[in-house]
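Once you've had a glance at the structure underneath, I'll fire off some questions.
We just call them A, B, C and D in the order they show up, numbering each chain from 1.
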Amino acid sequence: MDFLFHPLNLVTFFPLVGVLVLLFLGKKEQENTARWVSLVTALITFGISMWVLAQFNPDIPFVQMYLEVPWIEFAGWTIHYAMGIDGISILLVLLTAFLTPIAILSTWTAVEDRVRDFMIFFLLLEVGMTGVFLAQDLFLFYVFWEFTLVPMYFLIGIWGGAQRTYAAIKFFLYTMAGSILMLLAILWLGIEGGTFVVPDLILQGGIDPGIQFWLFLAFAAAFAIKVPMWPLHSWLPDAHVQAPTAGSVILAGVLLKMGTYGFVRFNLPLFPEAARELAPLMGFLAVVGIIYGAIVSYPQRDVKKLVAYSSVSHLGFVMLGIFALNSQGIQGGILQMVNHGISTGALFLIVGFIYERRHTRELSEFGGLWKIMPVYAVLTLIVALSSMGLPGLNGFVGEFTILLGSWGAGAAGGSYGSYLFTAFAAAGVILAAIYMLYMFQKMFLGPADNEKNANLKDLNWREIAILVPLLILIFWIGLYPKFFFELMGPTVDQLVDLVNAASVAVR
Amino acid sequence: MQFELFDLAPLLVILPVIGLLVNILIGDRVGERGIGWIASLAAGLTFVVSLLLFFALQGHHEGATVPFLEWIRIGEFNVGWNFRVDTLSNTMMLVVSGVGTLIHIYAAGYMHYDVRYKGDPHSYKRFFIYLNLFIAAMMILVSADNYLMLFVGWEGVGLCSFLLIGFWFTKNPDGTDGHSNSNAAKKAFIANRVGDFGFLMGMFTMFWAFGSLNFGDVLGHGAVEHVSEGTILAITLFFLLGVAGKSAQIPLYVWLPDAMAGPTPVSALIHAATMVTAGVYLVARSAPLFHASHTAELFVMFTGAGTALFAATIAVAQNDIKKVLAYSTVSQLGFMVAAVGMGAFVAGMFHLVTHAFFKALLFLGSGSVILAVERGHHPLEGDGGHDDHHEDEHHDDDHHEVFDPQDMRNMGGLRKIIPTTYRVYLIGSLALAGIPIFAGFFSKDEILADAFLESQPVYWILTVAAFLTAFYMGRQVLMVFFGKPRTHAAEEAKESPPSMTIPLMILAFLSIFGGLINIPVIHPLTDWIEHTLGHDLVHATKFNWQVAIVSTLLALIAIGISWLIYGRKEIDASQPDPLQRALGPIFIGMRNKWYVDEIYGFLIIRPYERLSSFLAHQVDWTFWHDWFHDSGIAAGFRGLANFLANPVDLGVIDGIANGLARATKGSASALRLLQTGFVRNYALMVFLGVVAILSFLIFR
Amino acid sequence: MSTDVILFLGLAAVAIGAALGMLFSRNAVYSALFLILNFATVAVFYLLLGAPFIAMAQVTVYAGAIMVLFLFVIMLLGAEELRKRGKLGWQQPLALLLGFVLVAETAYLVFVRGDLVSQIVPAAADYGTPKDIGILLFDNYMLPFQVVAVLLLVAMIGAIVLTKDDRKIERKTSEEKA
Amino acid sequence: MVPVSYYVALSAILFTIGALGVLIRRNAIIIFMSIELMLNAGNLLFVTFARSFEQLSGQVFVFFVIAVAAAEVAVGLALIVAVFKSKQSIDIDEVSNLRG
């Protein structure tokens, strides 16, 4: 019983209860019941995640609430069912549990077709995502990692836009391709190290730097596609544009974070020497991603595509922070993961709202919406400002600490490249203002001259209720992020020490 | 814990925020008057708090830091929401909240008409929410105790600027529907972002050099000496970029003239008196840093001086009453930046204060003029209420003719029609032109005197700029107020209500006597600021009679010339400007702002658009998405699959499989006759089998 | 020829006659009644063979329960007789032929080739009592017994499920027949 | 003193009659009854040999057969009823969907 009701097991697998209930519902009728069941399930899961947070002790820099039982045993190797939580994963678990009910609420009127199946896939997706962030055994991690693909594949492939099949298959194949390499590396680690349990592997350490290099790249292949890092981003616009709104929210909000999370969780502590060695390369790709994503976002005429490309830019910041390899950078990077989940998630919701009303996302169809939908306009403005990093809102705290860390990587005796990276990344902030303001202007400012927009209704209470929690977080993180930094601080400091110790050993 | 007056500092931000929240919540119920009162009260209380802090400082010249909340702390990086109250920041607080309050009161009257002329009375509330937000952001800026918090205010005022420039976001500046206003807002934000980029980089450099962003740690005694001069230079130059963005210096000044798209009180408050001076404040605040690098000082000084002259030349040829003032603002900001650049921090701050008075006065006065002409053009019924019928008429007017109430060629002779506005406007103009006894004279003269000692080239550049200033102000006053009314609207112009004229009179009073705050010989402001910046950085400038006489004479000459050109005989609105005959192509260049916008468009904006479009459509989509992935990888895979499927699979493997299948099919079609579908038939077969087996068992 | 054999032959004649009656009756009700007679006869055989428990089970379960069920269904469906002629006319003679061959073969096997020389003697009084069967059933054959129980349950559910749907038609047909 | 062979012969005859019933008759119910007859023939054989070899297990198996037959009848008759509902007939030849 203790095992079953372990907080981490509960928070991961509770959505299955909802799935079970949904399975007993009729297909055609009871659509509202399906919605309510899944919403309540997601809310309870969020409640459980709060309970986990209450039990979490941020002062311990290691994995806690650890749970390990043998799972598969054969030929002398044991694969463990190992779950644990630390300062790096707790925020992402909370983010997952937070965004899922919001995304479900956003489907209330958007998804009319096969509601029950949609909700089942959605809750399954939550199980997979939470599992990814909690798994402490490489094999278990891999299982969760691949498991998330399936529900997302169906969410895009069944409830997506016109080219959903293409997008779904591309999403699936792309991610699969990277994962295969990671699986090989996982097998190598497990066979050589004798265990798949991550904390044990980190403790053992001592992998030859030459081999680390290749293992790092194999893991990076899987994660970089997921992030996605330039130039592996090609699946992202397709998946985002075709996915239903809730799918986009989760895709941007959580699924992409699995990639960046993977870098922090596995690549840095398992292969510290390689991380040190490859940091300039990763930094370079990140900066190219920032600039490229920002430039390419600007001429997009489809709002959703614009937001999708902006994700490439934002996640470039996260990657830059992580590979600054110092506290400021990594903490900023992790916070920025959360920020991006909130801001971009909110942007996708906002796009979804207008799409539900007008059934188009072309910028040229809009203009002057502020006059017609003032509440919508103001909320969008706040979210857009948060996305482009206005101080006082969440995006700034993340971006500033990342850039500070990145500059510090140069100041701390790293290469001069770090200065250059920082400068270019900071220039990306300008470009972010350009495309975001352009989007905002095209949609909300100027004369309201399209007659089709004249009778649009402003947001209803449900839609406002969806956005308000996000806005609260936007302001909270922006004005008083202490709580979030304290959650991850000790863990990240310990990680930084680990990586730095490795680099000293190399020298 | 003992309560001190300094602990009131957070109220500077909290009060305006409360004001705007109250207006958001109950603004719809209290009516225009209520909204105006709430907002003005919030601003006024902020001024009261500033005054209280001023008195607190009388006892404790060293000031105080008031911790409020922890903000970001990662490792050694620790920045909090801490408020700094010292003589320098208090000066800014007083100016911002004082002028801000006056402008709130003025706007309560002005916006009543403006929202009706723009046909959207619901925007009244929105305007005052923004204004209060601006006061809050500006207070964060000036009361910050560290660079990061200053940056919050810095971007916050930028946001308010964006919102207020784009206040009439569906229109063009002339009132027609269009995108110009929103474009101007966007331009302002992006130009400021470029400056912010510099500010950010400066902060990064600073943190890793000083280990802190707090004023106390960076600017305190001796901190600068531990850092190499190259690093200081980098920091200061990065900051200079920020200053150029916010305070509209070359090369980022281009947003400020466009920013006149905002309602006139906004131009007065944000784009003349307070926000744009934030850059000057930043340099003055960072005085020890700038002082530590001579190169940096040179850069700042020449940027300021160049801007002062350059903008003044453009101002000479503008016809839009607000554009003239806008370029004049850019030019005056150049004076201030040049002053702080040459180490005359007090002179810069002095000019900042007086300029806030007289430029706010001029902008508000111009607003009064514009409104008067607009009301002359088509009066609102009853001048208090309005009804829909009239708005319809107004709408029709737009179709007939585009009347620009801001064009000085449509004015003339307003001296007698709106005498109150005329008088205060004249005072503001004389102050700006630098005529003795007015506030502008003392502050400008102090800068010139410093420049005279510091750098002769800069002195001469600034003197020429001052000459041009006097000239274009003379031109403006003559074109607007003298001669005969050139349009029907000007003849019918109406004086503004008291809620507008009383703030104007207060500002006029300040424009006359504002110079007293740093009157030569006593130098009260110098002593005041010395408490913060320290004795090394502050020196009382001796009054230089030579400089004073030269500049006064030049100003008088300039006004005389302007009278010769614009005042002596009537100007015909349809004729080209009289000055154009004299200057020819130079005048054309000046009128077209030296084509800087066009050059930027050609050099930066269009290439960027082309690049982004190329990257997005050609590289990312056509090449990377479609060609590489779809045609390359996907089609390649499909090709391989087809090869395996057709020749290999169909030919060889399928051959075998099909042969088998064909045989099976043939035999099946024969055997299917056995499948009659009758169950009994099957049973018979079974029975037959039983008998047969039994027979076999028997007879084997 | 002993009385045993005479009794056997008489009963056998009744059993075969009843079976043939079932086979050739046009009316299904008659067929069922003939079959009941047949079952009763066989029950007597069981008694002769020293299996009173089975005989009783035969009478109650077969002759009683199952055949009553048959009769119910026949009457419920009103399908005592078929109207049309069958299509497979050639099957009848062939089947009769094969049946004859089967009987002949069996007779040959039993009487000519077989070595079934033992005789059935009247059983002792304590042979095959229900008690013995019960002990055997709940001892050696416990598991099959349980399985049969489950099987019956499943059959019951199956029967209910199969006849559950479309009550309307059922009612309609029964009304028509009534 | 009846020989066992007599019982076997009787069982064979009854079985054959049952088989012929399945083959000849078209009425599904009668076919069913015929199957019961065949089962009965088998039962008779069981009991006979149980007596002959003094093995009570044979009787137990008969018991099982009776139980299974009961189950079979229940399901079978239900099937017939279901078929009758859709075909309005219990002619087994009407159910010839398996025709190849």
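Note that in this section a residue touches a chain if its C-beta (ideal position, glycine included) is under 8 Å from a C-beta of that chain, and two chains touch if they have at least 3 such contacts.
This one's a predicted model, so the numbers in the text were calculated from it and none came from an experiment.
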item	value
Shared interface partners, meaning chains that touch subunit A and subunit C	B
Whole-Å gap separating subunit C and subunit D, where each centre is the average of the chain's CA atoms	6
CA centroid of subunit A to CA centroid of subunit B, Å	34
Subunit B and subunit C: spacing of chain centres that average the CA atoms, whole Å	102
Residue list for subunit B, restricted to those that touch at least two other chains	678, 680, 684, 687
Two or more partner chains touched - positions in subunit D	19, 23-24, 26, 93
In subunit A, residues with contacts to at least two other chains	none
Touch-based graph of the chains, sorted into line, ring, star, complete or other	other
All pairs of touching chains, each written as two labels joined by a dash	A-B, B-C, B-D, C-D
Subunit B - residues contacting subunit C, complex	678, 680-681, 684, 687-688, 690-691, 694-695, 698
Subunit C to subunit B touching residues, read off their complex	87-88, 91, 94-95, 98, 101-102, 105-106, 108-109, 113
Residues on subunit B engaged by subunit A in the complex (per definition of touch)	69-75, 77, 81, 120, 148, 151-152, 154-156, 159, 162, 166, 169-171, 177-179, 181-183, 185-186, 189-190, 193-194, 196-197, 200-201, 203-205, 207-209, 608-609, 611-613, 615-617, 620, 624-625, 628-629
Subunit D partner contacts - residues on subunit C that touch it in the complex	2, 4-5, 8, 12, 15-16, 19-20, 22-23, 28, 31-32, 35, 38-39, 42, 45-46, 48-51, 53-54, 57-58, 61-62, 65-66, 69-70, 73-74, 76-77, 79, 81-82, 84, 86-88, 91-92, 95-96, 98-99, 102-103, 106-107, 110-111, 114, 116-121, 123, 127-128, 132-133, 136-137, 140-141, 144, 148, 151-152, 154-156, 158-160, 162-163, 166, 169-170, 173
Residue ranges of subunit B touching subunit D (in the complex, touch as defined)	671-680, 683-684, 687
